[in-house]
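In the two complexes below, chain A is the common chain; its partner is chain B in one and chain C in the other.
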Partner chain A sequence: MKSVTHSMPEGHVRRSGAGRRLLSAYRTEIAIALAIIVIELAVGMIVPAALSGGNISNVTQAAAPLVIMAFGVLLVIITGGIDLSVGSVFSLTGMVTGLAMAHGYGGIASSMAGLSVGILIGALNGALVTFVGLAPFVVTLSTYAIAGSLSFIVTDGHSLPISNPDYWLLNSGTLIPGLPNYALWCVLLLVAIEFSLRKVVAGRWLYAIGSSSSSARVIGIPVNRVRLAAYLLSGLFASFASIVSVSYISNAEATAGSSLMLQAIAAVVIGGASLFGGTGSAIGALLGALMITIIQNGANLIGVNSFWQGTVTGVVILIAVLVDRVTKARR
Partner chain B sequence: MEKRASTSGSRFSDRPVAQVIAASVLAFAAAFASQASVAGDKQTVAYIAPSLDISYWQWVAYGVKQRAQELGMNYVEFTSENSPAKQMDNVRTALTRGVTAIVMGPVSSTSTPPVLRLLKEKSVPVAFTGIGPQAGQTDYTSAVTANNYDTGKAEGAYVCKLAKDRGSNKVAMLSLPQDRENAQKYMKGAQESFKSDGCDLVQVLETHGLTVNEAVQQANDVLTAHPDVKGIYGMYDEAATGAAKALQTRGSVGKVAVVTADGSPTTIKLLRDGQIQGIFLQEAVGQGIDATTQVFNALNHKPTTQELALKEPLVTKDTIDQPEAQATVKRVYPPSAGQY
Partner chain C sequence: MTEQRYLLTARSIVKSFGPTSVLKGFDLSIAAGEVHAFLGGNGAGKSTLIKIISGQFERDGGTLEFDGAALGASVGGHVAAGTIAVVNQELALLPHLSVAENIAMPRLRRGTARYSERASMDIAIEALSLIDPHFARESAGRLVGDLTLHERQLVEIARALGSGAKLLLLDEPTANLTAAETTRLFAVIRRLIADTGLAVLFVSHRMREIRQIADVCTIIRDGKTAVDRAALDAITDREIVECMGQSVVVDEAAASVAESAEWGRADLATQHGGSDGAGAQATHVTHRGALRIERDGVTIEVPAGAIVGLAGAPVGPSSLIDALTGIAPAGAWAITRDGARASYSHPCTGARDGVGFVSGDRSNKGILATLPIVDNLVAAARVVNRRNVVGRAEIEQSTQLLEALKIRAGSLWDLPATLSGGTQQKLLIARWLLLRPKLLVLEEPTRGVDIRTKREIYALIRKMAQQGTTIVWWSTEYIELVELCDTVLAFDLDGKPTEVLRHADVNETQLAAATGMAA
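Our next item is the complex of A and B:
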């Protein structure tokens, strides 16, 4: 085996080594991708339409907001933190965006107003966690409650139809022919985050802080600033996920994000991140979000009783995490 | 004596915190006394909602408040956050505050017996809205509910007809959680109509979060699994909004009929735009108005009606602007919710 490797041309060896490193680095993600394919094929055997282009398009469109939100949650989880406020930020962003449109502001200005919700709450979370030293769970639980409550207060609880006739383009338009915008946002964020996490120094700092914040501080990493940035981006992505969703359904609701927070955390964990910090990838978060959406889609297509759908989702998540833990332990 | 008084006075003036506390206590006592005297002078109705994160219960609240003002009653509001324990706490708190009548959207029918026992002891009239008391309970003034069974039947017949008009007898349903009594009644009525009218209910999907986003996904899934479905029965407002959005994305508006219960500014706009074909209006505001009238009558020894099951009339694109339909819509949601 050794002699074969030596006898290969240098470029081939380099490529083979890089491929092996890639396989090793993304072992969890590859396993999840395979699991998704197996699940989809299994559903397709029962309901062939599950494999149709139309259904795959539906699933990706439905998954897009969760994917975007999961990217933000991932950054916080890598640092060893948690952001429970994202669901409420999602709801409040939708209401603020809808309210701005109802007051005659255009799509861009309304979106900016919506995004500012995430930036503000993300910055507040980050500041309280880093500079005041409060526990992330407590801080983000508080902002979850506050933002959730404000979602009702801003419109007295009424849902808001989106009046701007062109706003749907943000989700379903096509800036690049053949690639709907909801997919484009996911791909752009995926590439940017994955590249940053792997190749940019600031991205590597996130892992260092998640592995040991005290060691990170000793070697000169600006721990507080990096953590603050992670929470800020988490809020911003939750807001962006919300406006992508609102532009799709043309409606803003105060309860829109209520189930998304747990799903986003689950997506990140399914994708191989540890809640103790130090691990995780954007590809994993994307695949985790896709898996959750595909399970829900499959359960609906097959006609699984609604009461059982939560059990099915929970069991699959548990299996995914257990398999990941076992394979990591073997390594 | 003079010295002592002077010392005491100077000590008090030297302690601003003590002054603030004393002033606060006085202000609180004054406010409490004025509140108590208002409550003493006027009858007070408490509205206890199961939760206020759903528009429906907010609209009932509006009806209770509006009617209470018309009748010269004070109004207070509590939310039980879907907890029977919190509901019981709210009832006790309301009694402590001296309310003279209660309008309640109970967390569930089964949560009502202990509430009714307590209110009977205190001789406080209670009217239920939306969800009635547990079967067998009689110690209440009125239960103002929607006639879910008859509506389920009528909506089922209408959806079946529209599906057949579009060339198929296959229909699907986006349902409220079937652990709710009103959902079960809608379902029973609908199933009877589908059976008698020859329609095949191919899939029922229940909501978890009552959101439009969820309904869009569910409608897409139903139409993917059963492309021959030509009618969607929505049991709640967001279901119709979601189904209409799914059909719009698929370019199938009008090819699959969408009908729903409830009604809101959003679905009424969709009705006018031809994206949904019918709404069976549930009078949320009307339930609040009628329930308040019932407890007021009980307090003032006037006749009351114990079972008041309000009809849910059908409105279509052709009838929505007729005066009768507009009068009903005004009993569905308040002006602040949106246009009629």
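Our next item is the complex of A and C:
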């Protein structure tokens, strides 16, 4: 009898506690979502065209590759690592895909060739970081340089046309009516990654390693394998982002990814991840990427000198991180 | 059947770190169903062996047999498989994750399996309830990063106890526990042994605890087995201490302390001689101050050179320590020295005003792990004297200090990690010896330290007090406070100061009554 009277209120407390935990767990994400709406509305007041359906679908289409890339970078950052090679992987993937097409391969075969770039470089990054024990910054800085220069070498710096009808699947075609495929991929990846991070043991291992890799090792977590997987996925996602991108730009260029690496890291950080590891979410990374794209789009529409756009983005990153810091400290 | 079968047999284990050879052919056998005390001085190799058994270190030589099968040289597998659980001195927790997840994590072996917060919660509450049901309900959802050191220790122990392992390796698990928690821990260990027949390897420096819980002991000395599986009923404390190689160290320690103090005075004279006139005179002038501490109507006032003990559950002493050193605002505490307010906005201001502090959290708030020993020794002096370059004087001072305190180090440029835990502790106190502060605040300076080093530290503290440094010392071992303190400030379980006990009244029963914690 005693246990019955005890368990009732306790169960109640726990449930409401879980709700509040969920709300507080996604606090950063909710704040960013609100900020995005505010920014978009503000831009819309100056340039009404910003809120048109056409512009919004432009923004999402432009954001899709960054979102996908940010997902990969997120996995590495949660473990406390960093992947600087993603921008170059993005460029090289486009070039390899274009080259394969120029040699007469079909869309699927060429894309596979492109994806193998990310898998190879990701695996190389992961192996050097885990088994050789080199610092992630140094390893990925090197592969960034190598892949970046290879993307010029493969065509001697020329850009390559990409035209393949199969690419409706990756881009503006619709498998689900009303939802263009590029957005569909982002949503599918978002759900898959967020679920894995929260509800699958391997996802929790990523956080554990980022929180303290030495503790994770003592506990018996396969630290090396998990970190290797994170770098491999980061490379793979960067390649996938590139294929999504070239499918609508219809052109592969050696410099395509050069600005994306910092944007992807910024997106992850805006989304609440710490570069020291142990925190971060896929929803946050997606919102961070959207925010960066919206700011650039808004600045373009308003007619801000393109030289100033870096300053605007930089200030926004600082504000986002400071707000996050202040609210966390107050808690 | 003539030879008893052991759960774990270690034979001729060899391990060195660089040129320092730690284990030199060590043997150990543990039988199922026993609590096996593992004894030895600081730096004798206890922690190293535990890390080899649990697969955190690779061994250089020797064989390990566990549960009838050989363990490879580079393992970790048995911890992963849940058959061996370990509580290291450095806790292996994940600060960004919840208590529940920290406890459940070692049981989640398949990466592709579903993770359930609810299931983790249940596992954690069950495990934590073994030690403290109230703490279990209250803490399971909190982040480990928000817990105090003491609470983290409970989490770490609960994780090992609840893991279902056949062998528990406990490296000073009671170091951060209250007496009541230690008693409960022992009760749980006995129950688990009765129920599951597991074996426990137990490291502690507290003789009374060892006698309470352990059946047999193995003593390690200089990396070799000095005593192999002696029944604790058949060996006296004195014999144990002798086997650890620490019987005749008291006088020696006192002598070395006297030397170091002599040298410290000479150093001060040369340092401040220019500005303060004759150095010897200056030292007398600086140590006039009487310390007065007041809160909630409880007042304690002592002359310079007194040793003040703090007793009670961690919350009370740590609030006073924070106020004294400037780690946190003084709050309800009113602290004066020589009648002038002596509370600070920052530990740096405190240090420059003559307040030294040795934290109980050695690895996070004491040792600068990536800097060589010399930088660790002069760290406080640099802050106080606003010096930023390693000078030749610093190197000379450090060399003398190491010699005077008999700290065995390969070189001044080695990292502190090459020293044992107890030696690191001496190094942290030595850091302030250079400066001869007016007030030295110590948080459990003898925790996890062997008997010999303990005595050295006692002598060191007495000597500093004689030279006019007021000591404020928090200890959970009441016997220390009884032996060394002139005055003891007792706190209740909520952290409120309750009573000031003068030397004549200070005994363990008094302290237990005043603090609500059994000694």
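Definition applied: the second predicted complex is superposed on the first by the 307 of 331 C-alpha atoms of A that agree within 3 Å, B and C clash if a C-alpha of one lies under 4 Å from a C-alpha of the other, contacts with A are read in each partner's own complex, and residues count from 1 in each chain.
Operating definition for what follows: a residue touches a chain if its C-beta (ideal position, glycine included) is under 8 Å from a C-beta of that chain, and two chains touch if they have at least 3 such contacts.
Predicted model only: the values in this text are computed from it and were never measured.
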### Task
Using the overlay on chain A, decide if chain B and chain C clash or can fit next to each other.
fit
### Task
Considering only the touch criterion stated at the top, classify A:245 as touching first (chain B), second (chain C), both, or neither.
first
### Summary
Apex chain A angle, CA centroids, chain B to chain C, rounded to a multiple of 10 degrees, is 120
### Query
Which holds for A:279: it touches chain B only (first), chain C only (second), both, or neither?
second
### Task
Check the residue A:216 against both partner chains and state whether it touches chain B (first), chain C (second), both, or neither.
second
### Message
So in the superposed three-chain picture, is A:202 touching just chain B, just chain C, both, or none of them (first/second/both/neither)?
### Response
second
### Message
One more residue to check, A:27. First (chain B), second (chain C), both or neither?
### Response
neither
### Query
In whole Å, how close do chain B and chain C get at the C-alpha level once superposed?
31
#### Entry: chain A positions touched by chain B in one structure and by chain C in the second
none
#### Entry: Sites on chain A touched by chain B in the complex
47, 49-50, 52, 54-55, 58, 62, 65, 152, 156-159, 161, 172, 245, 248-251, 253-256, 258-259, 296-297, 300-303, 306-307, 309-310
### Message
For the complex, give me every residue of chain B touching chain A.
### Response
52-55, 58, 177-178, 203, 205-213, 216-218, 220-222, 224-225, 227, 238, 241-242, 245, 249-250, 264-266, 269, 336-338
### Message
Touching residues of chain C toward chain A in the complex: what are they?
### Response
54, 56, 76, 79-82, 86, 88, 91-97, 101, 105-106, 108-117, 121, 137, 141
### Message
With touch defined as at the start, can you tell me which chain A residues reach chain C in the complex?
### Response
10, 14, 17-18, 21, 198-205, 207-208, 210-212, 214-222, 226, 277-279
